[in-house]
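Look for chain A in each of the two complexes below; its partner is chain B in the first and chain C in the second.
Moving on to the complex of A and B:
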């Protein structure tokens, strides 16, 4: 299409200024809405993933192959501390720590609750989990902590104990022996994740080993990758390193936190349902506009055909007109969407209905959309494509025109 | 191209229960380089005949040959190509494209023909000068009088020197001076480039330019005579 046709298409667009602006306006509205929503989705998913995984599970865990489905004491890995050390050396990554876990009945002077006790390497745990950083009273375990414990804030409240108080626990050791101990509360954490705050406690791995008769065995080695994109690669490297160990499984966070993945997928599905409705509405408004514009120009199209233009020339004109309209909606929509989203990505944004998810996945009550090339172009790109698809029908109507009849039309 | 032969052309229109005769057994042969006027009362079938020859409308029966090609049997695509490259139309109602300027209207067909931008701009300017529209190049049809629009329509039809020009009342809205200028231009093009002209008109002065005058009535040809055209300088 050279300049005359482009000019012709552009001028045709503005024959009905208000109608064109209404259609372009619908595109701008939906495009900026899409930019905002998709940016917000990306932002919140990343936050959900980060916050959830950092809280506790890490990005990758080495476990006994049966531990994921059946987290029993006996599904353990031998020499957990040396294995963790070897991984740190080989991967040149410090965010790796060994853990062991057991269940116990925790009692204060007048109450008892079932809890999960986790043995951790204090030095490395803070590199994997956000819990050490979420101590609101006291402090986290030290490298040489022995009969000391850190507990969740709800558990502390339930047991009515605080820093310096003693807590007694009774469970069963790996050898089915009686595992019991008296520990002193040195820290109380508040993760915001109710499950953790209510029923988790952490002691040093050395103390856990003694109390639960582990003899160097443990249940997991938790690993935090430097960023979420690096996880899959890291998993492959780890699998290569531990290739020869029996009954060992390297678990990706998607396996460790299936609920997280599902929640994201469910949210995406419902969001895309809304987007598709929006895109279809825009496409129909384009269809309507272009159909009207084709019908009212019947006489003109008849003339052009009489002059020797083919229906394909005419339908190309209609498609160029639609492209110009879609391009306008695309650029302005991205611009408006970018400005709004960029602003909100700095000041934050609250949206009702997120509370439930926020509680479940430890999100802050303010959301920060994340502007990226994809979030800017994905939605508007599909809207533009949908608009072009919608112009097919009006364009094909031109193939039915007979010049002489069309020229007689008013 | 543009030796035209029509054999037993018939065309009827239906309007409600009424059947209207457009063309009734029309036979004519028009050779290349002829300058023909079609005259006849309103409704006699002049436009219908021009449309049939130009391939805009198909006759109910009969044949139209143009240099041995059956125009009435051509498929839409080749028919469009034939119009684009070989035929210039001047419509009774001008039918300019309202959003394009006079210059752009004239360039439009050339563009579809694939003429280079600089060349078509130059040609369009030249032809607009010829039809007396200097200074009006950038006006849109709505900013032009009926006569001026008609001249743009003529310019559009003749700018790429088609082999055949079909003009339907090209002077209907022109004053005497403008219409004789236009007819002189047509005569020149006819002589210099051997372009065939078929002009439907009611205008006696226009008819006087023709080398051949065909009269129609009720869809039939009632007379077909050669004549000596007036000299180009008269007006």
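Moving on to the complex of A and C:
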């Protein structure tokens, strides 16, 4: 039956050329729109995640279990440098670095600001965070840096200091002693993330340890996985390696940056609402077309039934017709969507005034949709499925057809 | 032929004809109506949600600035230091501010500072405020969850956020030390008693903004009657141009005056983006609908080819045929719009008391929105959606209608 009914279905489809093309047109329109916007979504989410995590937090952090909710000096991990070294050896991954963080009042000759001082391992920090690579003036800390500091560009402007100037800081150490020091500014970074540029400074972990009386303790070990897909696996391996340590938690980036995940979720939800509406509208279009095509063929179907075809054969014919139509819409929709999206993934997509939005979410000022198998097929696939669902009603109507009456129908 | 002439039916007759034609194939009409209704509902519903969210972001953003218009020392926004203070308003500016057309205005001190409890130290944004006016402008007075708000401009207390209290491990009634600097670059510090704790809709602010009375800080910072900024609010943030120009006229040359949309480019962008979004969304939905609409009309014409040929032969002019098809399309659109609008109103109204979306609260905070969504059904958005559907709907119907009118009567009558 297959060959004949396929040909029959195909010919039936073109009995009303204009109607079929209009319905397929609705599919092509929705499909290419879906391909474009899903690709754009994926592209921008990935960029948002990468840029935000690379800036500072990394993909995974080892912390004291209370540090995430309550980032205080006393929620620390012992022997942070050796733990980091052990992880680097065992995981055969170099993108791992120990950090300690404290709060201090930083003063230049004529200004004072409260800042976050971070002690980092200069050699490994550049493998985790993008800050060392975003030095605008001067250079990043060296392995043997001691009383040297790297500060954000807004902080430098507010403190009115530049490379080579001295900066005094006062804070309190781990033992509640006075932590104070005079450091020389060797580098100024500009991350574009206002919070970091305004209030963050980095010194070497060794210097931080001495100034804040840490005695080998630290607050986090930041880890950057080779790619985002590897994170969950890596987290499991790390948990296995450190599970004998008390009060230690291995944090996934979703815990470190809950806002990021939720911003994506919120955006996803509203986007899917729109997609579903589009899909429903296409389904209505298909329903209308197929119902019309069934109703106008009542006589013909009656004759076919009189000749011995069963209602199931006829309804299969309707489903095959719909499938052909949906397939046509799917292929052409993907093709049109692909061409548009692929073009924009090369030249970039821009709409006026986007910069402000982009800055807020750590995105570049042009968006590059990401064409992938999923982004190409997901939307159109659902549209095709929705079309088939829409053909159920017209197809089942055939079971109620009585041959004699049908043949008499006008 | 003279005896017969051309037929011009009155509008009522055309209406009845179109209406009956519409229901000749009631299934098709119902499906099309369902599609239009769902489309229109989605247009308005989604727009109301987005509008509500963006309005909330704007209101929050403006409250955080705070105010619709601000006046500063020209260097203050780049270098928010006590050095860049200005004199309290006087003369023309004071008169303009006190004009009844200004809803409220206030002077504030805003300086970076350090706050220290017995256990912890934090960097903060220290605000010296006039309690009464500040409550109108930033709403902070209404967000106190424990203790009280500042009473007057010489109150000796300090109001901090709940999150900051937690970070500092301090609570109501405890003393904290606030450290900043005076214009001579000397350390200015003072112990304050925490008299009130507030909870902000944006968690980030709670950790950052600390409120003290204006007079108390002026004494502490040794700046006499000077202030950091003047903030002014109008009735509606969308409509501030008149006030803005009036105050601008009265502002001395050596001060910088900016409206909210100049102070925060992101807010301005959000407002523009929202208007753009509504239009794009409405048009996309319409386009998805238009295929079905054209299809329905094409079918309606196709089934009636003989009939159209006949009435043409009887003398109905092509114009009347176009008119009749368009009237059919218009009726279809109007009923669909009616149902769609009604559905939208029914679904949005119960949500207007607020939709709790706190599962994604931190993500929304990143965008600058709070975790309650108050959908906002505005007349202008509804008018836009309805107008677009009617106008574009009629335009897309012209083609099938025109094709029907062009049929050759003789061939049409003979077609099967």
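The definition used in the following text is that the second predicted complex is superposed on the first by the 402 of 410 C-alpha atoms of A that agree within 3 Å, B and C clash if a C-alpha of one lies under 4 Å from a C-alpha of the other, contacts with A are read in each partner's own complex, and residues count from 1 in each chain.
In this section, a residue touches a chain if its C-beta (ideal position, glycine included) is under 8 Å from a C-beta of that chain, and two chains touch if they have at least 3 such contacts.
Bear in mind the structure is a predicted one, so any value in this text is a computation, not a measurement.
Partners chain B and chain C, brought together by superposition on chain A, fit side by side with no clash.
In the superposition on chain A, A:86 makes contact with neither chain B nor chain C.
Of the two partner chains, neither chain B nor chain C is touched by A:237. Comparing chain B with chain C, the partner in contact with more residues of chain A is C.
In the superposed model, A:404 lies in contact with chain B only, and not with chain C. By the touch criterion defined above, A:15 reaches chain B but does not reach chain C. When the two structures are aligned on the shared chain, A:316 is found in touch with neither chain B nor chain C. Chain centres taken from Cα atoms put the angle at chain A, between chain B and chain C, at 90 degrees to the nearest 10. The minimum CA-CA separation between chain B and chain C in the overlaid arrangement is 11 Å, rounded to the whole angstrom. Contacts of chain A with chain B, set against its contacts with chain C after fitting on chain A, share not one residue. Across the complex, chain C meets chain A through its residues 25, 27-28, 31-32, 34-35, 38-39, 42, 46, 49-50, 78-81, 83, 112-114, 120-124, 166-167, 179-181, 185, 187, 265-266, 268-270, 272-273, 276, 281, 284-285, 287-289, 291-292, 294-296, 298-299, 302-303, 357, 359-368.
Residues of chain A touching chain B in their complex: 2-5, 7-8, 11-12, 15, 299-300, 303-311, 313, 403-404, 407.
Chain A makes touch with chain C in their complex at residues 16, 18-19, 22-23, 25-26, 29-30, 33, 70, 72, 103-105, 109-116, 157-158, 160, 171-172, 199, 258-266, 269-270, 273-274, 277-278, 280-282, 284-285, 287-289, 291-292, 295-296, 351, 353-354, 356-357, 359-361.
Chain B makes touch with chain A in their complex at residues 51, 54, 56-57, 76-77, 80-85, 87, 89, 91, 93, 95, 97-100, 104, 107-109, 111-113, 117, 156.
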